[in-house]
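You will see two complexes here that share subunit A, one where it goes with subunit B and one where it goes with subunit C.
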Partner chain A sequence: MNKQNNKLGWLFASPYIIFGLVFFLGPLLWSLYLSFTNWDLIAPEFDFVGLDNFRKAMAAPGVQSAFWVTYKFMMLFVPLVTAMSLAVAVVIQGLPKFKSVYLIGFFLPYLSSGVVASLIVQGFLSYNSPVNEFLRGTFGINIDWLGSPFSALFIVGLILAWKFTGYYALILTSGLESIDKEVYEAAAIDGVTDRQRFWKITLPLLYPALYTTLILSFGVTFGIFTEVYQLTGGGPNFATNTWQMEIFNQAFTNLQAGYASAIAIMASIVTFISIFVIRKLLESWGKRNGWV
Partner chain B sequence: MKKSRISLLLAISLVGGTVLAACGNGGSNGGQSADGVTTVEFWAAPNPPQQAFWQEMAKEYETVNPDVKVNVSAIKESPSSEASIQASIAGGNAPTVAENINRGFAAQLSNSKALVALDELPQFKEMVESRNMTETIAPWEFADGHQYVLPIYSNPMLIGWRTDFLKEIGYNEPPQTYSEVLEATTKLKAKYPDKYMWAKGADLADPTAWKRWFDFFLLYNAASDGNKFIEGQNLVADDKAGVEMLTFVDDLRKAGGVLAQNATDPFETGAGVFTDIGPWTFDMWATKYPELKYGENFTLTLPPVPDHMDPADAKTYADAKGLVIFSAAPEASQQAAAEFLKWVYSNEENDVKWFKQTNLPPARDDLNEVEGFKQILAEKPELAPYAEAVSKGVPAMDNPKFNELQTLIGQEAFNKVIRGEIDPQTGWNNMKKAIEGEL
Partner chain C sequence: MVGSKKYSKRRLAGRYVLATLLLLVMVYPYLYMVLNSFADWAQVDRQLVPSKFSLKSYEWLLTGGEVGIARPWMNAFFNSVIVSVASTFLMMLFGIMVAYALSKLKFRGRDTVNNFVLFHMFFPAIILLIPNFLIIQKVGLYDTYWAMIIPKAISLWAIFMYTNFFKAVPDAFIEAAKLDGASDFKILYKIMLPMSKSITAVIFLFLLMERWTELLWDMIVVRSDNMLTLNVLLSQMFGPYGSYPGPLYAASVLLTVPIIIMFAIFGKKFKEGMQFSLK
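Up next, the complex of A and B:
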């Protein structure tokens, strides 16, 4: 019986294992190998260069900027998307009916193309857009939205927050739905205020769902590409240069696949360590408050 | 039992591998199919008129050469045509021929042994002579003495001026020296504080390598009388001209004459007075901005020059592109491609057709002599300045690291000067240091 279960388990797990081997482990090992070479993506021959690519990457302004920009995006995007998705979830959960319709509405941006959203924003913020014409005509101010480091960073963060709010709201709504109504009823009998109800009941019981969305949103900041590629190209002055942008530029613009692989390996290590630390911090925060 | 499972897995892998390998090679056998037909995969520029021209050529050629099939398709532009070509080579699906290749990209490709040396093909000499392009092709020779690109068009970039706005500030002719442009900027800002003299949108502040062809090199070639920027592995830039040019850009910015933020068609909508214009623009204008008429509200000139230079002799950047044959293609396909190109370029009527359909001046020595070209220039007067300026166009550098080098021009100097973050001399020095480090 046990042996049969074991076989069945392997059978069901095999698609994921095969997928992982072909599309994750294989490319990872290939990338690791390439990171020690000077392959230019198309040449039939290339040399083994040892740790040169890693040394070069450590000193490169593009890589250094990618490292810091990720954390800047994190500081902007995570609070923004968490607050927005929490607000959406709470409001939708309080609706008497058609909750799923509203949820789908907020979820749609997640399905939309990042390229299209970026192009719309680009048109919206161009020098001669109605918004800027109005600002210039009425207040005499001209803002170079995508040309100054902070506003460029903020706009990309805002697009991402808009895109992911519905997705995280969906997770949080299911978290809210799973909270037993009797807890709220008991609290009402005890005369707790709305604020107390949110901080003392909703938030602790929502913590598992919130933990998931927080980890997911921290993860998003390590993979930003489309919006940055489309809107700012990583500029101005590397202010929005992300890991993915740097890897893309080195591999497909400068034809340095070996060097780009080294950056990709570095990005993976940084991402792994950062997410590990963030996860530990969130867990200890939950434990300290007695939520887990 | 165990052995049979392993055998089964091996069998599946072999079958799968064979199928995938067949897909990768397009199922071809040295470029020739079983019925003796040789296929040439031709990637045309992602520009409908160019694509239409090559499709027409392919169709005509197939009628006289039924043993050759020329498949014309547009190069995918996402994320860029260069990246699509690179990806196809890396994936083992390179075409036989591609157009839309500039010298810098060709240098990258030839450095990776991805291109056929055209001068080693028996058809090359005949093609160059019959197309009358001996002089035009000479500067396309690469550092190793080979020719890897057959230039199709050589297109000197010109400056478009909104003469309607210039007239309103008292100019019947565009300003052509640095002082004249700065003086006109002062007058423009006094009358129209919202307008800019040079408006190219965010491109001016963007470090993307290819954007430097249409701002930095346009002005540098004019200021340096076409002095080379990089020769082989050496930076040979003209320091005086470079700093002078960046100082002009800086002065223009200080006078409020530069719009370097994202803007939709700033020249066409009247937010700016001058910008670089290529002849491919006119077909787009005919449908999108029909109110723009050459000689009525816009004109074309060579780029502005320092005060001590003659504007009439100004050099400019030549957006010149051509055809390459890929070494990964089967031998038979390479030969068939060379024969096809020889056939196309043995008849000058085909170049006339090209010029008519695409507005791009063919890379020939006799552009102002052939009757067909003369007729087109008479019908489309806006193309005449391009034909006249062909000899003044300086093509892109042929260094395989052109992307990195041109990115450094933007990052270290041009973009920073445009944004007022650095003075021209420091920017130039930083750029030189960074480029020399990369070389």
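Up next, the complex of A and C:
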């Protein structure tokens, strides 16, 4: 029995074990090795250059922008998506009927491809679009939406917020549903105002669900690619250049595989540390307020 | 609001109005896409709601129009179907198998494998992009369906979700089945899977959706025009179709509709599963 279990266990786990070795552990080591070379993705020979790639990357405007752009997206996207999903969750929470119809409606944007979302936004904001015609005709202003640094960043952030709001609202709704109704009844007897109820009761009790959506949304900002690739290519002047965009450009446009590997490693380290710090900050913030 | 019956009808109506308005804002981009795909070409991206309609954009999807090879869109659509279906099927199959081993089969080294999965999950995937691309190239799979399927045959998230779910199934069920002479395959098929129907709907939809809309990987491992997936083709046509946005909207509809249909089919199970998985 035991021996048979042993064999069967390895058999069932083998797809992952093989995959993990071939597509994770091997590549991880290879990536480390490549990052110390100047390989150009084509030539058979390449040199071992030590830490040169890392030194070069630290000084490169592309890498520096990728570092900061992530946090800029974070400052835009996280508050935006949190506020939107919280609003959606609170508004649909009280509906006696059609709640799931609404929930599914709000979830639809999550199903769309980043390419499709980019296409729609690009058309919507093109020079002759109704929006721009209106702005020109009424206020006499011409906005180059994707050509100015802040608005380009803002638009990508808005697309992402649009996409993730319904998903996070779903998480927050089940958080709201799990709150004990007696708490509200007790509060109603004590004559608590709506605002007090939201800030003093709903939010603290919702914190576990909110924590989940916050962690997820912080994570999203480290993996932005499609929308940026499609709409701005990382521009204007690196204003929307994310880590993935920079790595893609260096590896597959400039064909600097070694250098791009070094950037990928830097990106991983930065992501890892950032997420760790964010987790700790969120936890201590929750604890300080007595929410967890 | 939760649990209070003291809200007046007027406030409730206000809530419905607010919810509907919010929903309209959220789905407006989709409406814009659908309307523009049917709009007369002179009106595409020129009006919030077009007034003249034509099917020319969809005609181009079937014929390829003036740009590129003969039937690029339909061809890409079928590529997308092949790749997504194969990939999602494998991700589900291996997810279930591996999760069963990690949760219910006591084999030596299980903890090691378990920890390795967690370690793997915490690793930012971007670091693997270049070496995985090189592996595909070195083993001669570049520009094939396999390049898009094999590296996407395992989903750590699916393994993680199924492992957690299977752990909650009491061992007594399995032991009882074993006493009746059921094999592990049979247990998996007859007990574990039926019990995890709703979570399966969630995992399946998320995997399919992500696979169907994947851009970066599919873009780098495939080069030939007739191998592109619909999402990649759409992405590439941004430039050449610049002056013909109509067909791009039609292709967007083609890319969005299948996933919405799947969602509609599994919608009810999906909601149950979401509620379960979020507990």
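Here, the second predicted complex is superposed on the first by the 266 of 292 C-alpha atoms of A that agree within 3 Å, B and C clash if a C-alpha of one lies under 4 Å from a C-alpha of the other, contacts with A are read in each partner's own complex, and residues count from 1 in each chain.
Please note the rule applied: contacts are C-beta pairs under 8 Å (C-beta built on N, C-alpha and C of every residue); 3 or more make two chains touch, one makes a residue touch a chain.
Nothing here was measured: the structure is a model prediction, and the numbers come from that model.
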Item to complete: Determine, for the superposed model, which of the two partners subunit B and subunit C contacts more residues of subunit A.
Response: C
Item to complete: Based on the superposed arrangement, let me know which partner A:W291 touches: subunit B (first), subunit C (second), both, or neither?
Response: neither
Item to complete: Tell me which partner A:F272 touches in the superposition: subunit B (first), subunit C (second), both or neither.
Response: second
Worksheet item: Is A:F154 in contact with subunit B, with subunit C, with both, or with neither (first, second, both, neither)?
Response: neither
Discussion item. Contact-wise, after the overlay, does A:F54 reach subunit B, subunit C, both or neither (first, second, both, neither)?
Written reply: neither
Practice prompt. For A:G123, select first, second, both or neither according to whether it touches subunit B, subunit C, the two together, or no partner.
Written response: both
Item to complete: Figure out whether A:P236 sits in contact with subunit B (first) or subunit C (second), or with both, or with neither.
Response: first
Worksheet item: After superposition on the shared chain, which partner residues are touched by A:F252: those of subunit B (first), subunit C (second), both, or neither?
Response: both
Worksheet, complete the sentence: Intersected contact list for subunit A, partners subunit B and subunit C 122-123, 126, 128-129, 229, 248, 252, 257
Worksheet item: In the complex of these two chains, what residues of subunit A are touching subunit B?
Response: 40-45, 122-123, 125-129, 136, 144-147, 229, 233-237, 248, 252-255, 257
Worksheet, complete the sentence: So, in the complex, the side of subunit B touching subunit A is made of residues 79-80, 82-83, 86-87, 89-90, 108-109, 111-114, 194, 201-202, 205-209, 259-264, 266, 269, 271, 401, 403-404, 407, 411, 415-416, 419, 421
Item to complete: Quick one: which bits of subunit A touch subunit C in the complex? Just the residue numbers, please.
Response: 2, 5-13, 15-17, 19-20, 22-24, 26-28, 30-31, 34, 87-88, 90-96, 100, 102-117, 119-124, 126, 128-130, 162, 165-166, 170-171, 174-179, 181-182, 184-185, 188, 197, 202, 209, 212, 222-223, 225-226, 229-230, 243-244, 247-248, 251-252, 257, 260-261, 264-265, 267-268, 271-272
Item to complete: Name, in rising order, each residue of subunit C that touches subunit A in their complex.
Response: 1-4, 6-7, 12, 15-16, 18-19, 22-23, 26-27, 29-30, 32-33, 36, 44-48, 94, 97-98, 100-102, 105-110, 113, 116-117, 120, 122-135, 151, 153-154, 159, 184, 209, 212-213, 215-216, 220, 231, 234-235, 238, 245, 248-249, 252, 255-256, 259-260, 263, 267, 271, 274-275, 278-279
